[in-house]
Amino acid sequence: MRRYFGRKFLIYGLTFFLAVTVDWLIPRFMPGDPISNILSRSLLNAEGAQQMYDYYERVFGLDLPVWQQYLNFWGSLLHGDLGISAYLFPQPVTRVIWRAVPYDAFLLLPSILLSWWAGNKFGAYAARTKRLDNTILPIGYILTATPYMWLGILLAWIFGIVLGIFPIAGAYSYSMQPHLSWLFIKDVILHWFLPFASLFLVGFGGWAIGMRNMIIYELEADYSHYLEALGAPRSLIRKYAFRNAILPQLTGLALQLGVIVAGALVTEVVFSYPGIGYLLLSAIQNQDYFLIQGCFLFIIIGILIANFAIDIAYVIVDPRTRMGMLGDSS
Amino acid sequence: MSLSVQNLTVVYQTLHGDVRALEKASFSLKDGEIMGLAGESGCGKTTLGNSLILLAPPMRFVDGRVLLDNEELPIWDTDRMDPFRFKKISVIPQYAMNAMNPTRKIGQMTREILQARKIDPGHMMTEIKRRLDLVELPHKVLDMYPIELSGGMKQRMVMVLSTLLNPSLLIADEITSALDVSTQKAVAEMLVEFRRREFVKSMIVITHDMSILYQIADSIMIMYAGQLAEKASTEVIIHDPRHPYTKLLISSLPKVGVKVAEKRLTGIPGTPPMLLDPPIGCRFRDRCPVAFDKCTEVPPFIEVSEGHYVACWKES
Amino acid sequence: MKRSIFVISILVILSMLLAACGQATEAPAEPVAPAEEPAEPGEEMAEPAAAEVVYDRSETLYVSGAAWGPPSTWNPFQPGSLANTTGTLGFVYETLFDYDPMSGTMTPWLAESGAWVDDNTYAVTLRDGLTWSDGEPLTATDIAFTFELAQQYTAMWFAPMWDYLTSVTVIDDLNLEFAFVDPLYQEWENNLYNIPIVPEHLWADRTEEEITVGANENPVGSGAYLYETHSEDRNVWLRNENWWGIPVFGAPAPRRIVDIRTSSNNVALGMVLKGELDLSNNFLPGVAELANQGYVDTYFAGAPYMLSANTAVLFLNTTKSPMDDAAFRRALAFAINVDDIVNVAYANLVAAASPTGLLPNLDTFIDHDLVAEIGWTYDPAEAAAILTEAGYVMGDDGFFNAPDGSDIALEVTCPFGWTDWMEAINVIASSAQAAGINIQAVTPDYGAWNDALQGGTFDMTLNNWAALSNTPWTLYNLLFRHPIQDVIQSGNFGRYDNAAVFDLVDALATVQSTDVAGMQAACSEIQRVLLTDVPMIPLWYNGLWAQFSSAVWTNWPMDGSASPTLPTTWSGYWQLGGLNTLINLEPVVAE
Amino acid sequence: MIERLRNNEFLFFAFRNKRLRVGLFIVLFFLALTLVGPLLAKYDPSEYAAYGSHPPSAEYWFGTTTFGQDVFSQFVLGLRATFLVGMIGGGLGTLIGVVVGFTAGYNGGIIDEVLNILTNIVLVIPTLAILLIIAAYLNVRGIVAESIFIGCTAWPWAARAIRAQTFSLRTREFVDLSKLSGMKSGKIIFTEIAPNMMSYLVMTFILQFGGAILNAATLDFIGLGPTSTISLGLMMQYSVLWGALQLGQWWWFMPPGIAITAIVGAMYIMNVGLDEVFNPKLREM
């Protein structure tokens, strides 16, 4: 167990370090010059431009030697300071991101957890009968194979445009100011539903199939046969199979996080939902390296935390990890 | 008569048709008899073992009757078999190493199985503990996960578990093959001990390992290509086999007590026939040194002397 | 386990929901920058409105197309690209004058009048009774303060003006004088309606950083609207009922303006079709169709549907061969099929540009005889003729080779994702190829494109950074910006180096704006250089994209309506008549 | 005896397996369309075939875009891009995965440790984030470049799976070794591990193939795809960007989505089919 966590921490540590370094490289690596991008649209005459350029360079601290910039980056990072957004100048990056985080949590957590839960239940159920398996399994496959944004587009087109049931842009109506009333909450949920649905459906399909396959393997496992030989009822066998099939699914969840984040990004783009993914895209389109850095960092941290949570859950449900027999190759 | 099997025929369903894995097997076990069941791999001995307790697809029951303590076993109907399993007939499977749910504490799993069989685990506990002592397992294994046990310990745990309800027939399938020699010996002796204490009435011990049988079996039954070849007391099989196949088998063995493992019978030219469409008559015919035209008919499995059955025209 | 997960996720949903609302509610109430305390009174006026959380459609105007991103700064001195908060200049902060491109006249705004007393002195008289939205009076000292900020801080965009502005003298509350040496009359006039006047009593004790780049949240100005709130995708402005201008100009019709930042134009399009948007200033390619079907209104009933906002110019890198050859450049001008750009890439939403590059509002300064004489139109044959004459030889690959026999293979670029321009450069490339000039269309990412543009490493590229202006000098000053630097922030990207024309432009700058004839003469000379030497090629006028619906608000400016003004919300256009448009609007009376 | 039947039964099962057949058919269908499509397409993908947007018709089979480009022509070219990405990206991903996974699994020990940590790191860092940066770093991008960095970031899970597989096979062989005396381990690798791995590799590749396609679509959609050609993802991006939804130009955004979903879905279904073929436990008798 100690070994298990020791190794996990090592990996997370390394990952974080590398990620941050790569992150720091972004503005230095990418083409274009953030400052001239800021100034490019402002109609200045020659000397004015030059003066402003120098000024901004100081503001962004790009006039220091590289190694110092790197150290400063770590320094300010530990103080939770990610610099100033160029595209949302002069807003601090952290503030911009914090404004987006709740929307992500609101969109991602329910869709991930619910799709995982429902998918597993459903997959286990589908594995039970051949008929269900043959009819519903393909649907699952089609769902996982659907590109997030396309499902988003479809839902937006059908429910937003053709049927006009749901709004397809923003987090709440333009005609409202946030306040606590059922009207507003309903409005928020209406805006939230389609993006949630597209994330949920794609995930759901994947988990259902994963679980279905897992269960089938487990039902063929030796311990299942032994139970049969001892005349144990199907219910017990299924119970064991499900419990054991959940474990790989849990690992799967950890592995999927990256993909899901990507999915969330494009989904937010389709529905212009003001989460980090959407922010990241605008940052990229506007060459706002500092904001890109911030978003990237947040995503990494989020995923690391999620992974860690899953590791803990794993230790709780799987004795083998506790025995430290599996290390991390679970 | 603890067990009597008559004309038991079981096939494996494959897409190319039925593989006749067990052909008209008829034999019986006396109360308290430990019968060894030997033969090359793929000769159908495991099929026989399984068909007695868990006849599941791709196996298919074709014909025959099985009486256990003069009661018919509905082996063709897995649901109706359930009441007998564990209570009347039980098994120590080939895969005993992985037989236990890896994510359940052993004690908990035991309890759940017992409850599932409508037995109050409560007053089984003392008995379980007694038997753990017997197989030299500490009581705390009940609070352990299978992964924490060594191969031998798991093996013994499964033995205790399978025999917990004192079945009158126990099928032990290759229980020793995965163990090192010393543990093998111990496990084998425990089987005898179990019978002595009447945890089980009689046993069928399926194995490649003649030496084990030599130690513990009262009688040995030899199978070839899905057919019974010969059954007799251990002494007789070892020293005075009658069936040509048995003879070759025994003679091909090095000194008794040495492990033969899965070594193909190099002594005998040819290989066992494909059982998809087995040759008519005696299936050993093609390889048999003494085969003659009569062998195109299936030889009956007849008692040539007290408790000694042989399926060979030469002998009848 | 399963149950727990279920429960958890339910809880999560609820908590997130509340989180989102809670977070959203506090969003507007951002930590306020120092020296904002006096903003309180303004807040109070906004008070009753702030209580409203659901807006009354009939008094609200929904607009979009101005913001490039979420509102981030309310600093009126923030240069163009960052002014995601349209209205900071115009709604909150006002200028001395207003320029109406439709009539081509300067209208006094904060100023009651302004005039050159002599060649080096400009006198301004303010209107009486000007007030800041916090109740303080707006006086000449505020004007002086504002102009002097630029003297103090070189990072202000209009700081260079102090090269010829020597002093600002306050005479009394309403009168002040600006003293100059050799003033650039043209630039000065342009600045008159671009420099926002800020309140001294709130700005005096701000640091340089706060003034030049501070976010200036909860701004307090003198204008017709008050900042009410904002979020990621909108700015909400509330009418200033105590605006000094109401008795002068009349009150703007909409009580509240929600300026929406749509993630992409298609969202705006959807909202326009649903009638959720009253005025969209986004570029919507399909809109000609919709206008014809009557779903939306545009300024012109037919092509080009839109007014012209700026000139898309093809800059040629004159430091590279063969663009360093005037003959080649002129041939290229004949080789580009502008009509295809207009018809295909823009589906008739734009108009072809005059070779002089000047927008229609400056038509008086176009020397039409000159254009007729030496201007160009699409004519591949002519292009071929010019090239052949200049010694270019048609190669067997169907493309001309340079006189020295070397192959010609050029790239025309625009940023990836600027789809209308991407289509445009496709047309440029294909029509040039048809004329025997080997040009490929290439679309790098914005950053790389901008590097090449400002670093002068491109072959030829599109640019349209000269804004709608009161003077031809603005455009020509951009096209012939000098001196030429290694990195050119804006203008003369092709590094066309011609002292003669530079002098002409500088001369134009110093012509009194009242001296129209003088300006025309100066322009004519510049245009002669432009047409003969072809340092760059003006192609088409980008539209002042505007599509509006009369479902809730009517009397939009349209071709033919009495004294039309610009139907736009773009940042920096409010003082170009945008505000008058709001004043002229009329609510549709229910039933 | 099942063991002995398996080999000659493989093809039999393969052709009998419904899922495998369906999946294969769909993939082949689109592949064929990719090959013959350009011949059928009447226009150049970027050519302005029509004046403005038209719904599908005999002239424009899939209609035209807002700019009047022929959707069908773009579609077939986009298909090619999609398959290319799948092939190169999926192939590369599989290759790296195999090398890393097999080395780790077969050698074990410190090599395993190191590779394992590496794998986990790449696994945790969200692929897209990296792709975003790489993609943004290249100013002018082509399909091949895109495929390559997709492949370079997609390998970890493959490596993991293959490592585990190699590991189990290896250990399984040890048991056997002790059983059957005198069989050379080299022979084991070829007779036992290789065939088992083969099936596994095929399936890994198929999954990587599908994954690469989806990744590419995502990149393209957010404008980080190829800048020099058309792809299905780009078609989706443009259609959304230019208000195909609002203007009801369904013929513009439907085909690319359907194609991607169908191809990837078919891949996955093929995968189950193969799984059932390779793994007798899952066969339906």
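In this document, chain identifiers A, B, C and D correspond to the written order of the chains, with residue numbering beginning at 1 in each.
Operating definition for what follows: contacts are C-beta pairs under 8 Å (C-beta built on N, C-alpha and C of every residue); 3 or more make two chains touch, one makes a residue touch a chain.
This is a predicted model, so every value here is computed, not measured.
Asks: Would you say C-D or A-C is joined by more C-beta pairs in contact?
Replies: A-C
Asks: Using mean Cα positions, find the chain sitting nearest the overall protein centre.
Replies: Smallest offset from the overall C-alpha mean is found for A.
Asks: From the centre of chain B, which chain's CA centre is farthest?
Replies: C
Asks: Could you grab the centroid distance between chain A and chain C? Build each centroid from C-alpha atoms only and quote it in angstrom.
Replies: Result: the chain centres lie 38 Å from each other.
Asks: How many angstrom between the C-alpha centroids of chain D and chain B?
Replies: So the centre of chain B lies 48 Å away from the centre of chain D.
Asks: Please tell me the distance, in whole Å, between the geometric centres of chain B and chain C computed from their C-alpha atoms.
Replies: 91
Asks: Going through chain B residue by residue, note those that touch at least 2 other chains and give them in order.
Replies: none
Asks: If I count partner chains per residue in chain D, which residues reach a count of at least 2?
Replies: As it turns out, chain D has residues touching two or more other chains at 136, 139, 223, 240, 245-246.
Asks: Using the touch rule from the top of the page, what residues of chain C touch 2 or more other chains?
Replies: Touching at least two other chains: 264, 270, 417, 444-445, 447-448.
Asks: Would you tell me which residues of chain D are touching chain C in their complex?
Replies: 46, 48, 51-53, 66-68, 136, 139-140, 223, 227, 238, 240-247
Asks: Please name which positions on chain C make contact with chain A in the complex.
Replies: Residues in contact with chain A: 1-2, 5-6, 8-9, 12-13, 16-17, 19-21, 23-25, 27-28, 52-55, 57, 60, 62, 68-70, 72-73, 75, 78-82, 84, 154-155, 157-160, 209, 212-215, 229, 231-234, 236, 258, 260, 262-264, 267, 270-271, 276, 417, 444-448, 450-451, 453-454, 465-467, 477-478, 481-483, 485, 487-491.
Asks: Mind pulling up the chain A residues that touch chain B in the complex?
Replies: 221-223, 225-233, 235-236, 240, 243-244, 247, 317-320, 323, 325
Asks: Going by the contact rule at the top, pick out the chain D residues touching chain A in the complex.
Replies: For this pair, the touching residues of chain D are 116-117, 120-121, 123-130, 132-133, 136-137, 139, 157, 160, 163-164, 167, 210, 214-215, 217-218, 221-224, 233, 236, 239-240, 245-246, 248, 250, 253, 256-257, 260-269, 272, 275, 281-282, 284.
Asks: Quick one: in the complex, what on chain B touches chain A?
Replies: 53-54, 56, 78, 81-87, 90-91, 93, 95, 98-105, 112-113, 116-117, 145, 147-148, 158, 161-162
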